[in-house]
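Paired with chain B in one complex and with chain C in the other, chain A is shared by the two complexes that follow.
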Partner chain A sequence: MKITRKVQAGTMQSSDLMVFLEPAEHLTVTIESTVLKQFGELIRAKVDEVLARHHVESGEVRITDRGALDYAIEARLETALLRAAEE
Partner chain B sequence: MGDFKLRRSLLYVPGNMPSMLQNIPIFNCDAVIIDLEDAVPMSEKDAARHLVKHFLMNYTERNKELLVRINPLDSKWGYEDLKVVLPALPDGIRLPKADTPEIVERLDTLLTEFEEELDLEIGRFRVLPSLESALAIINAVGIANSSQRIFALAFGAEDYTASMEIERTKGGEELFNARTRVLWAAKAAGIQAIDTIFADVNDMEGLKAETELAKRLGYTGKCLVNPRQIEVVHDVFAPKKEEVDYALQVIEAIQRARALGTGVISLKGKMVDAPVVKRAARVLRTAYAHGMVDTLIDEEAIHGAQ
Partner chain C sequence: MALNSLGREIPASYAGRTLTPYRDPFSNQPSGLAAPRPITRVNPGTSKLVGSLREAIEASGLKDGMTISTHHALRNGDYLLNAVVNEIAALGIRGIWIASSSVHPVHAEIIPHIKSGVIAGFQCGVNGLIGELASKGELQVPIIVRSHGGRARAILEGSVKIDVSFIAAPCCDPCGNLNGYFGPSACGSLGYAQSDALHAACVVAVTDNLVPYPAVPVVIPQTLVDFVVQVERLGDPAKIVSTTTRITTDPVGLQIASYAAQVIEASGLLQDGFSFQTGSGGISLAVADKMRSAMRRGNIKGSFGCGGITGYFVGMLEEGLFSSLMDVQCFDTEAVRSIGVNQAHQEISADLYANPFNRGAVVNRLDCVILGATEVDCNFNVNVNTESNGYLLHNTGGHSDTAAGAKLSIIVAPSIRGRLPIVRDQVTTITTPGETISVVVTERGIAVHDRHPELKEELIRRKLPVKEIHDLQKETCRITGTPRPLDFEDEIVALIEYRDGSIIDVVRRVKE
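What follows is the complex of A and B.
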């Protein structure tokens, strides 16, 4: 899947997250989270897993997390990727 | 169709809010209706259906019935909702704007196609049609019989009053005919009837009064908009202790009658025969679900041995 345009998905409510995607030459992932210290690595692992599954090789990925569980991270990122790949 | 499943409380949960979805396992309602329709803004329809899909896929130890309210089939989202959500195996679909039998038949056909594709038993996905317009009320009988998947009819008063161009009042007089017609259609088809939501979450007395009216008319459950409403609704639908005691006496009396070779007997000066026994059996089944009696009444006790 290719990130062809700038999009966002998700909300700023608690237990949710915002995903921002932008086209870029290289793949970069930045994560901001209210629980970064405790769960930063796990969030990163989940994000990497979803990106790999969708064969995303380039783009700027920014996550602002409000304590979302795995299923929500997966869903919001998937929604953002689908939006970014739309013609 | 004849299955007895307790559906007193069907709680709406907005489909695009993780904080609410995550609470579904701990709500003590009988069913939830995850909403992709009115609770989700148009710009977030895609996001909500993916969130619901992933939530359901992770919610493996299910402890209540799970329905998803999709967008109407004639909208541009309805089909996509089914396509994304059905692989995550909800128990059924709440179909909004089920105005005609043909609309339900269309959903039935789509569900069969998805069941074939997903290699599931045909008929696995159940349907709860929403009767929420003047047209739907007129077509209630046809709708109730339009698919084997339908386990109940749901009355939707908010959209119904909008279609009638009238205000909805707390007394509910303006709903009376429609409410009754939905009931007749459901009862004649041998399925349950679910009453409309009560929107004022701070008015527990009003909720109680409306639920009592619905129960008295014959409704078996109610849709809810807030978890705080669950307890009030369960209390209303719970059989009273006197009702349970009387029902037990009725069953005992009819068994005595049968031993004497008759189908009718007097209990405290009142006649007990088949319809009285049937009503008693219903009270006892509900009481069993509430943990008020220890054993589930069997068919032989209701109808006698062949």
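What follows is the complex of A and C.
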């Protein structure tokens, strides 16, 4: 899957997250989170897993997390990826 | 360093004071006499009125290194503490300790005076930015966090000696009779200021509503007040009292409230004479709402509602469900209105409310209290002082006092808050010892402390979702993932004093 346009998904509510995607030459992932100290690694692992599953190799991925659970991270990121890849 | 009975490392001393590690909730005995106060004489024709706050500070004899206090009934709308500290700084006085009943986010304005050395330390907890900066090591200032009852105890026994107390007085006469019921800055109960008025070496009443003599009802009498000063405004009325607090509409919160109400009914305490305290949070109010229905249904008349009083409890008083309210602080405008007109709405001092070292406090007569938590550990120890990022952000309030006093102390909290599980291996900070907690209620299950085996049996009999607290923890962590423990430096930024003056925990600087 290729990120072909600038999109976003999610909300800024507690226990949710915002995902921002933009086309870019290289793949970069930045994560901000209210629980970065406690869950930063688990959030990163989940994001990497979803990106790998969808064969995303380039693009700018920005996550602003408000303490979302893994399934919410997965759902929001997949939604954003589908939007970014739409023709 | 010594370990207290909860396994927390407590240093031998802090800010020049020798520390006693916490041992248990009830065995620590006071000794000696109550703290003295100078006696004076005011002859006929003597005026207590001074022209300005600055003149009042000068008249009080405040000097370098002394201790001042204010009360927090004006909460985040308070102008007084900032104004007093600004004047102290302008007078060139330094090294002042603040022993207010609480410090709120609005008082972040004094941070430059902490950095410049005008303020030397806090004999009280701090809500908001001051605590956060201290936790980050950006502000070097000793902080000693006390419960409401613990503060009254410290003042009474003289371990905190207040040199000058500045009492925000919403309704005051020229001789210093005052109350909090009327005026543009009306805040209702002045429960926290009463210990200060009795024990501070000098008492300055500060008012924006000077009324002709005598100001009645007299809550703090003229016999205790040295000076009276008028200011334009004591605070921002919109922030002094919150608008009516609402019952939660969140389904998770309502589920928790429903379980908590069923726990109270199962406890057998809900009968004539029932006494009850909740905070003003949405879940607490939902529990109160369910109790109200249950009391109506069972035709039960309670003895008293206690604590910070909300309009919700006023409604129950006026409906006849409680015969009285014992009020140390009004939480909303409806409570302020009521305390001025309802005789059974009794103002109580923090000493009467919760001090462990007197001849018996009101909390000892509580049947049930509903309390919140940021974290709970598998021994039922509760943290309300630090956030899960390790920052000191909240005061203890009456948490550990009411938990110790009440027959049934119930923690209500969602099992997960912003991915963070409520039940932990270890809480960041221990505010309230687990041996004073009865039940932890989450939407995912109810954990009962071992000291209540009969209640646990009854809840199981009633088919409520009783779980071992370890199982509750494991179940929640399967959903959230296991949070990585925070890293702390050795440096201590605050003491958490238990209500009896022993040290239940310390807050350390967060490693960033």
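Observations on the structure shown:
One rule holds for everything that comes next: the second predicted complex is superposed on the first by the 87 of 87 C-alpha atoms of A that agree within 3 Å, B and C clash if a C-alpha of one lies under 4 Å from a C-alpha of the other, contacts with A are read in each partner's own complex, and residues count from 1 in each chain.
Definition applied: contacts are C-beta pairs under 8 Å (C-beta built on N, C-alpha and C of every residue); 3 or more make two chains touch, one makes a residue touch a chain.
Just so you know, these numbers come straight off a predicted model, no measurement behind them.
By the touch criterion defined above, A:R83 lies against chain B but remains apart from chain C after alignment on the C-alpha atoms of chain A. In the superposition on chain A, contact is made by A:D70 with both chain B and chain C. Of the two partner chains placed by the overlay, chain B and chain C both lie in contact with A:S14. In the superposition on chain A, A:K37 makes contact with chain C only, while chain B stays out of contact range.
Counting residues of chain A touched by each partner, chain B versus chain C, the larger count belongs to B. Residues common to the contacts of chain A with chain B and with chain C across the two structures: 14-15, 68-70.
Touching chain A in their complex are the following residues of chain C: 388-390, 416-420, 479-481, 483-484, 486.
The part of chain B that touches chain A in the complex is made up of residues 16-19, 22, 46-47, 50-51, 53-55, 57-58.
Residues 14-15, 34-35, 37-42, 66-70 of chain A touch chain C in their complex. Chain contact summary for the complex, chain A toward chain B: residues 9-11, 13-16, 68-72, 74-76, 78-79, 82-83.
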